[in-house]
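First, the structure itself, so that you have it in front of you.
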């Protein structure tokens, strides 16, 4: 049997986007097991240049016309059309706001099944297995579905970037344009993020309830500057208004995969770890030696962050100065 | 206006971390006896969104709480009624005992159809047990309703509903023609507590119980699509190296030295 | 005045007001290890069993089946006894209504009154689960954390206890001439947690004696042991004693602080000399400083009178009539008089004491205050017991035990 894989990236992402590269890696692996092809759905004002996707590992591009940011309704229609054309067995989306919103509707429209927030997807004989966190990140489930379309949203940072596939120039298939009649977007505001985007940051300094107030984030920002990173947060400070909601990392926020994750005053509940558990190195600073975060941390500091963090910043600065003098 | 709120009863997630065990042989969670069951927190927020719409509207408003679950799930409906819902529907049938999101969405969609004219369906962004966030959007698809997920604010007029949501890099606002479905996220904010007056009124509010046959569903035709192959608690991976020193400040400085020595600070 | 929102709850399937809820510290399996009574919200004199405070010095023991439990009474007696629960229950029974109060209750008010520290709040809710986790790991709080805590409060409850007079049992066994002490031992064991004593002192600057793993024990002077109201109780508030409260049998020592009320009782020994019980010679002792050579054991409590409403947190108050309410009790007998001052102690008026006035139980009292002029008011209440004792009886001591000072409510009328 053969089964095709379709990737539905976020609007505006292309072959160079890290998230797309990760999905291609997974898609190629699944395509190999299922003896199928890998397709990608691209929305835009103009058809993409297939050469831009050459060597990415994608076999064909499904193009749907969209003058601006598409509405969820258009996305479902376009993705359904692409999945039907390709007779796709598996549709992969990034586990983002748009992806998690689109996947269930797409699955029900295709009369298939859906698994959200997956950390692994595999094909075995004639079934698809999806592994995903549940119970607030405390547990993992492995779902088994028949290969009659399965839609999966996949968390970022799990798969490596695909190696280049020499020379393959994908085929371009035009799906036409799609309308949304029952919904319109009436406003979209972007907040200028200071420093690196959380999703791309190599270092993240994140604060939790233990900061005790908004002013704690000023100190974390200083530490983040010293480390060349970005500032994030667990859910509680966002809900309490200590920091913007866009800083939230966790099951219901962003999934991040930095090299270094410094968790300050974060208890380490499962729903937070679901968003940062794949960081390469986790450092925890917490006044409570019992905090669960220490079970996930490589380094643990017990103490009041108001004393720990300034000393950490000062020492980092002098170490930086020393090493820059040497070189 | 008629608002239906989809709610689900889950084991209290606040106190789950310390007590959650899993029987891997049967793929079921094991809870200590007496572990409290509560309305899923995001569903509380969906109900709060409905109540805020009613608070801000002069129009006649009916709020129905709808759940699918075992006999015990009635407590979640009673809580919804105590918080201010006007009536409730309990979808209850042995055929739904191990329902997945596919089956649940079809059963709830059938219940909403039977409920009559519903202008707005609200639900939590995901239930605090499986964290899937599938059922409500599946209902929207089955009933062919426009939908927006992850709302932080919902305002409804007689014709349309305005939905704001938080994005990774900002906010966006949609307008949907009613009837519509919206899932609500934690950014909605603080929810109210049941007060005595509403709790007492709630005792007289109607709770309908509908089974599969009453919903016109053939349990043989509708089968779960998900097979739970495995359920387990992941192993914690790290061995924590404790940074030990006399004072908190000394520990901070020592941490900097350890990070530096281990070359764990990426070069920009 | 706008109507207050009252929280509702489903009780036995019916809508009701929310019930009293113990502020409990639990272990990872959800088992209660400690708890504080929501005393400000209690109506009447008897604290519901589920809301009665729980303090345990050593480790919570595993429960013992009532059929497997025996009590031995030996030492300086003519006829040593070994009794099953059924045999114990064949002795003539007795019920006593009494206040149980932790010796360290309201300890934070000592520092407020004697050392000018900020006034603690009776609404302070400590994180008892965190403390339980810390204890399990033998962690201790540092001075900084201790400074952030407000001290123990709400560790008191009123109850009706049913059992047999210890005096009945002693009469049966026949103490020998020269017997002075009745040594009571529980089947709970453990190593005393230094954090408990650090919290008691409010700092961690003194080395704590470590006796290793011990049973909890106390030695009652014979005279108090022979008081007919000193009981071995198997029931509380009309039902079998709960495990957290010392089932199958605990001691009831009315008027003396909670550490005397030995839980999970298993052994009684009559002695001539006072045995060196850790919780009688090292902890639960008076003393001006940790080096004080004189460290007498704690016994009867002083005279207590607390205002439950209005508290500082209820301020500002509307002009008009307000009921000042509270509870009063004493370690030496019934309350005879409660006086209230609304002018910081310049003048005092008698408060109404509600019936019944029982010897060991607290009384509820109230005073109608016509607060017609805006301004700041300092409200005080003080009690006198049947022995003529007034407040305070107990001076500052380094373990901050048996606080019985007069604590003001500072409110503003607008």
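We just call them A, B and C in the order they show up, numbering each chain from 1.
By our rule, a residue touches a chain if its C-beta (ideal position, glycine included) is under 8 Å from a C-beta of that chain, and two chains touch if they have at least 3 such contacts.
Since this is a predicted model, take the numbers as computed values, not measurements.
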{"item": "Contact-richer chain pair [A-C vs A-B]", "value": "A-B"}
{"item": "Central chain of the complex, centres being mean CA coordinates", "value": "B"}
{"item": "Farthest chain (mean CA position) relative to subunit C", "value": "A"}
{"item": "Centre-of-Cα separation between subunit C and subunit B, whole angstrom", "value": "43"}
{"item": "Between subunit C and subunit A, distance of the C-alpha-averaged centres to the nearest whole Å", "value": "54"}
{"item": "CA centroid of subunit A to CA centroid of subunit B, Å", "value": "22"}
{"item": "Touching two or more other chains - residues of subunit A", "value": "304"}
{"item": "Residue numbers on subunit B that touch subunit A, as the complex places them", "value": "13, 16-17, 20, 22, 27, 29, 101-102, 105, 125-126, 128-138, 140-142, 146-150, 152, 162, 165-177, 180, 185-187, 189, 225-234, 236-243, 247-253, 255-260, 264-266, 268"}
{"item": "Complex interface listing, subunit C residues touching subunit B", "value": "5-10, 14-18, 28-30"}
{"item": "In the complex with subunit A, residue positions of subunit C that touch it", "value": "130, 133-134, 137, 139, 144-145"}
{"item": "Residue numbers on subunit A that touch subunit B, as the complex places them", "value": "71-73, 96-97, 100-101, 103-105, 107-109, 112-117, 129, 132-146, 182-191, 193, 197-199, 202-203, 227-228, 235, 238-239, 245-246, 251-252, 254, 259-260, 269-270, 281-285, 292, 294-304, 307-312, 314-316, 319, 323"}
{"item": "Footprint of subunit C on subunit A - complex, ascending", "value": "287-290, 304"}
